[in-house]
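Here come two complexes built around subunit A, the first alongside subunit B, the second alongside subunit C.
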Partner chain A sequence: MASIDGALLDFKRLDRLATGDTAIHRLDPRAKVLATLVFVVTVVSFGKYEVTPLVPFLIFPVAMVALGNLPVAYVIKKIALLCPFALVVGIFNPIFDREVLVQIGSLGITGGWLSFASIVMRSILTVGAAIVLVGVTGFPGVCLALERIGMPRVFAVQLLFLYRYIFVLTDEGSRMERARKLRSLGKKMEPGIFGSLVGHLLLRTWQRAERIHMAMLARGFTGEFHTRRDTRFGGRELLFLLGWSTLFIILRFLNLSQLVGSLVTGISP
Partner chain B sequence: MSHHIVEVRNLRHVYPDGTVALRDVSFRITHGESVAIIGANGAGKSTLLLHLNGFLTPTAGEIRIGDYPLTKATLPEIRRTVGMVFQDPDDQLFMPTVYDDVAFGPLNLGLSGTDVEQRVKDALEKVGAGHLQEKPPYNLSGGEKKRVAIATVLSMSPDILVMDEPTDGLDPHARRQLMALLREFSHTRIFTSHDLDMVLELCSRVIILHEGEVRGDGPPLEIFRNDELLARCRLEKPLSMQGCPVCGGKVS
Partner chain C sequence: MHMADALLSPAVGGAMWAASAGTIAYCARKVRTDLADSRVPLMGVLGAFIFAAQMINFSIPATGSSGHLGGGLLLSVLLGPYAAFLTIASVLVIQALFFADGGLLALGCNIFNLGFFPAFIAYPFVYRQLVGAHQTRARMTMAAIAAAVTGLQLGAFGVVLETVASGQSSLPFSTFVVMMQPIHLAIGVVEGFVTAAVVSFVYRARPELVPSSPGACSAGSRPVRGVLLAFLAMAVLTGGMVSWFASKDPDGLEWAIGKVTGKGELPGPTQGIHGTLAEVQRKTSFLPDYSFRKSGETGKEGAQPAGQGKDKGESRVGTSVSGVLGACITLAVALLVGFLLKKRHQSA
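Moving on, here comes the complex of A and B:
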C-alpha cells in the first residue's frame, strides 16, 4: 500500500509540472491534445509485426520532454510503471506464434517475438505521449481542450472528477492503512478486516468526494473550465499541429529506419 | 443584496442514519455583526453552518440570506455571497498548486488575467501564505493548509464570511493574524470555535448550541458570566476570565 501510495503521490507531481512556463506549456491545450491524438492513431495503425518503423516516432515524446523541460528520469519511471500492463498483453505471443519471420545469420526471430516487441514499443510510445501531454498541459487543461474540441461538457467534467477522485481514494486509503498499522502491532491483515476496510474506504472516499464537490460549488464552479492561462488557437498552434501531423504521416508511410539502414550498408531491402 | 442578513427559522436537521443533529434552531443575524456559535463536540455547529450555504437541506424550517429565502433558484447567488471555510481544510483544497486553488474562485467569477493575480496575491498575503504559492496543497502542514483554505474564500470577496473553527491548528502568530483579519472584515462574520478567548475578543454576540438547540444568545460577557448555563452546555469560561493560576489574581 505504501508503495502504491508513493507512486500515486508521484503522479501528482505530473500535475505540478504543468505549471511550467515554456513555449510548449504556453501553447493552447487543443493543439497539444490533437497532435497527441494524431500521434497515437498513427502509432496504433502499424501492422502487428512492425517494430523498426516505430522507432523514429520516439522523436515526438523526446522533443516534448526537451522543449517542455520535463525531468527525464521521472518521465521514464512513470512509463516503466505503466508498461507492465502491455507486457501482460503481449507475453503470450512468443509462445503461440512460432513462425520464423526474420532470419539474422543463424538466429531466427519468430513472429511471436516480433509482435511482442511491437506491442511493447507501441505502449511505450502511446503511454509516453500521454504522460508527456499531461506534463506540459495539466489534466484540467486536457479536459478543457477535449471539451472545446467537441466532447460533451458532462463527460469532460466527469473525466476531471474521476482523475481527482483517484487521488482522494489513495489519500483516504493511505490514511486508513496508517491507522490500521498503528494498532495491529505488525500482524498481517485478516480477510474479514480487509473487507470492512475496503467498504469503509469506499464510503469515506465517497463522502470526501462529496465534500470536495461542495467546496467547488461554494467557489462558483458551474461546470465550466478555467485554466491559469487564457490561450487561443492561433498561428503557432496551427503550425505545431500541422508540423507534427505531417511528420507522423510521413513516418507512417516511409520506413525511415530501414531507409537509413540501407543507405549505410548499401543494400536495398 | 444590500443587507447581509442571515436568518434561520425553526431549522431542524436529521441525518439519513436518524441522528437528530439540529432540533429547532432560530436566530437572526444582521448586517456587520460578528457572531460566534459555540458548543460542545457534536452539538451541531458544523451541521448548522453547512445549511447556510445550501450544502445540507433542512429537514424542516427555513433559511434566508439577505432578501432571499434559500432555494434552488437562489443558490448560485447565495453561494457567491456566503464564503464558507470548512472545518477540515483537506475538503477545500483540490487543485495542483496553492495558486491554482486560490485562483479557482475568482476564475469562476469570470475574472481574468491581472485581476485574478491581484486577488490571489492579496488573499495569500492576508493569511501570511504568500511564500506557499507554487507548492502543492497536499504537501502543506495542517496550519498552512488551514490558512490557504481561508485564502481560497477571501479571494472571492464574500459579503458574509462563515468559518468552521478557523483558528483550529494555527500557531499563535497565525491565530493573531487571523483574528486581526476577522476584526478588519467589515461585513457579517459567523464562526464556530472552541477558542473562547478569541470569541470574547472578536464577537459582539455569542450563540450557544447544545444538543441541536439554541441554549443561549447574547453578548459574550453576559453569556460567559452565566456559570450555570456554561456548565449545563459542557463549556467553560475563557481563560482570560478565569483567575490566573500562576499569580492567583482574580479577573472579571
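Moving on, here comes the complex of A and C:
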C-alpha cells in the first residue's frame, strides 16, 4: 500500500514541476523535445568502450535543472534508480569481456568494466534527459510538440486522455487495494482475487468512459483538445535548439575530458 | 523487460522508432475510420486503467514472489488489435517519460516488443484461433496463457535481438537467449492466468464487453498471416546473422586491436607516452578501419582525437550489422503496412 501511494506521490510531484514559469518552461515544447532527442541520439552513438567523452554531456541535464529551477535532490534521486534492466544486462560485460584495455600502473581495467561504466554513464544521461524534459515541459507540452512534429492526432488525443485519467484511476486502484488489505488482515493477494478486483476496476472504468464520452459530446467534443498556452517556434527556440545541437556535435567529436586531462597533466606533470 | 537507451545503438533505436511510428500511424488511421466514436475515450481511460492495474501486485502461488499485469493481451481482447496497440503505446510513452522505464530512444523498441507482438501476433494468431467461435471459460484460460506466452517470448526475443545488434552488451547471443526466454516463459504463464481471470470476470458480469466473433479481428485472415510469417522468418534469419557476427567478428577484432596496441583509452597519468602510442594506433588501426568504412564516413576521421582509435573497427562492425538489421526490420514493417493498407483498399 505504501509503495502504490509512494509511487503516485512521486508521479504527481514530477508532474507538478512542469507548472514552473522559468525561461526554459516558457520555450516552445518542440525546441525542448528536439534538443533532447538530439542529445539522446548523440550520447548513444558513442563507441562501446568510451566513458570519458560522455562525461561532458552532463552539462545538458545540469543546465536544464538549473535554468528550469528543478529540485536538484529530487532529480538526482529519480536518476539514481536508473534502469534495472540495463544494469543487469550490463553487469555481464565484465564477465564475458576480459581483454585488458587500460593499464593504470599495475592495475588493468578490462574492456568489460569499461563498457559497463559506459552503460551506467549512458543510463544516467538518457534517464536524466527524459526526467528533465518532463520537468520543464510537462506531459501535455510534450504531446503538443510531438503532434506538431507529425504524430497522428488520434494518438495525441489518446495520450492526453490517458494522462488526464491516470490520476483518477490510480487513486481508485490504490483505494481498492487498501480496502482489500485492511479486510484481509495483511494476507497476500491471490491471482484469483486479483482477477475479480481488477475486473471490478475495469467495469467501473468502462462505465466511467461511457459517461465521460456522453459528457464530452454534450459539450461539443470533436476529437481535439485545445491547450491553454499557445507558443510559437520563434528566434529563442531556434537559438536554443541550434545552440545545444552544435554543442552536442562538438562534444561528440572532441573528447573534452581528454583535452582537459592532457592540459592539466601537461602543465603539472 | 523494458529495453533501455543505454544498451541501444542509434541505428537500432532509429529503426525501431520508425517501425513503431509507422505502426502507430497505421493504427491511428484504422481507429479513426473503423471504430465507433465512443471507443476513443474508452481507449484513453483503459490506458489509465492498465496503469492502475500495474500498480496492484499479487503474489504468485508457491514462489513467494509477486507479479503484476502486463496488459497488452488484455487490451487486445477487449479492444481489438488496433486500438490495443495505440493504448499500449500510450502507456509506454508515459512510463518512458515519468518513470524513466527505458528512455526516449528505446521507446520505439519497447512499443514494438510490448505492443506489436501481443496485439498483432499473439492475439490474432493464438488467442483468437484457440478461443474459436464459442468461448468458454476453460478455452479462454488456455488461449490466454498460450497467447501471453507467445507474446512475451517474441517480445523477449526482440529485446535480445535489439541488444545484440546494438553491440553495447558483451553478452553472447546464445547466452542471452538462454537467460531471457525461460524467465519470460514463466512470466508469460502468470500473465496468461491473470489475463484470463480478469477477462472471465468481465465476461460473467458484462458479456457484451468481450467480443466473441472472430470478425472483430480483421488481421486474422489468411493473406496477412502469410506476410506476418514471412516477417517472423526474416526476424529469425537476421537474428542468426547477427549472432554469427556477434560471436565471431568483434571478438576477433578486439583480440587484434588488443594485441596490436595493448592499450585502450588513455587516462591522464599516462599522458607522457600518449603521443607515441597514438602514432602507433593511428597507423595500425587504419587497416581494420578502412575495410569496414563506408565512403561517406571518411570525413569524420580528422576531427577525432587519436585516443579513440582503438575501438573504431569494432564499433563499425557493430553499426554496419545493426544498420543491416535495422534496414531489414524497417523494410519488413514498411512492407507489412503497405500490404495491410492495400488489403484495406480492396475490402473497402
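The rule is simple: the second predicted complex is superposed on the first by the 206 of 269 C-alpha atoms of A that agree within 3 Å, B and C clash if a C-alpha of one lies under 4 Å from a C-alpha of the other, contacts with A are read in each partner's own complex, and residues count from 1 in each chain.
To be clear about the criterion, contacts are C-beta pairs under 8 Å (C-beta built on N, C-alpha and C of every residue); 3 or more make two chains touch, one makes a residue touch a chain.
Fair warning: this is a prediction, and the values are worked out from it, not measured in the lab.
Asks: So in the superposed three-chain picture, is A:164 touching just subunit B, just subunit C, both, or none of them (first/second/both/neither)?
Replies: both
Asks: Is the number of subunit A residues in contact higher for subunit B or for subunit C?
Replies: When the residues of subunit A touched by each partner are counted, C comes out ahead.
Asks: Answer with first, second, both or neither: which of subunit B and subunit C does A:208 touch in the superposed model?
Replies: The answer is both, since A:208 touches subunit B and subunit C.
Asks: Once chain A of both complexes is superposed, is A:15 in touch with subunit B (first), subunit C (second), both, or neither?
Replies: A:15: touches subunit B and subunit C.
Asks: Which partner chains sit in contact with A:106 here, subunit B, subunit C, both or neither? Use first/second/both/neither.
Replies: neither
Asks: Just to be sure I read the superposition right, which of the two partners does A:222 touch: subunit B = first, subunit C = second, or both, or neither?
Replies: Touch partner of A:222: subunit B, not subunit C.
Asks: Shared contact residues on subunit A for subunit B and subunit C?
Replies: Residues 15, 164, 208, 212, 216-217 of subunit A touch both subunit B and subunit C.
Asks: Which residues, counting only subunit B, touch subunit A once they are in their complex?
Replies: 53, 55, 76, 79-80, 83-84, 86, 88, 90-92, 94, 96-97, 99-100, 103-105, 107-109, 112-113, 134, 136, 138, 152-153, 156
Asks: So in the complex, which bits of subunit C are touching subunit A?
Replies: Listed in rising order, the residues of subunit C that touch subunit A are 1-10, 13-14, 21, 24-25, 28-29, 31-32, 37-38, 40-49, 51-53, 55-61, 66, 69, 86-87, 89-91, 93-94, 96-105, 163, 167-172, 175-176, 190, 193-194, 196-198, 200-202, 205-206, 209, 254-255, 258, 262-272, 274, 300, 303-305, 307-308, 310-312, 314-315, 318.
Asks: Can you list the subunit A residues touching subunit C in their complex?
Replies: Subunit A reaches subunit C through residues 4, 7-8, 11, 14-15, 36-37, 40-41, 43-45, 47-53, 78-79, 81-83, 85-86, 89-90, 92-93, 95-97, 99-105, 109, 111-112, 114-115, 118-120, 122-123, 126-127, 129-131, 133-134, 139, 142, 151-155, 157-166, 168-170, 172-174, 176-177, 188-203, 205-206, 208-210, 212-213, 216-217, 223, 253-255, 258-259, 261-262, 264-266, 269.
Asks: Provide the residue numbers of subunit A that touch subunit B in the complex, in ascending order.
Replies: The contact residues of subunit A facing subunit B are 9, 12, 15-16, 18-19, 138, 164, 167, 171, 208, 211-212, 214-222, 224, 226, 228, 230.
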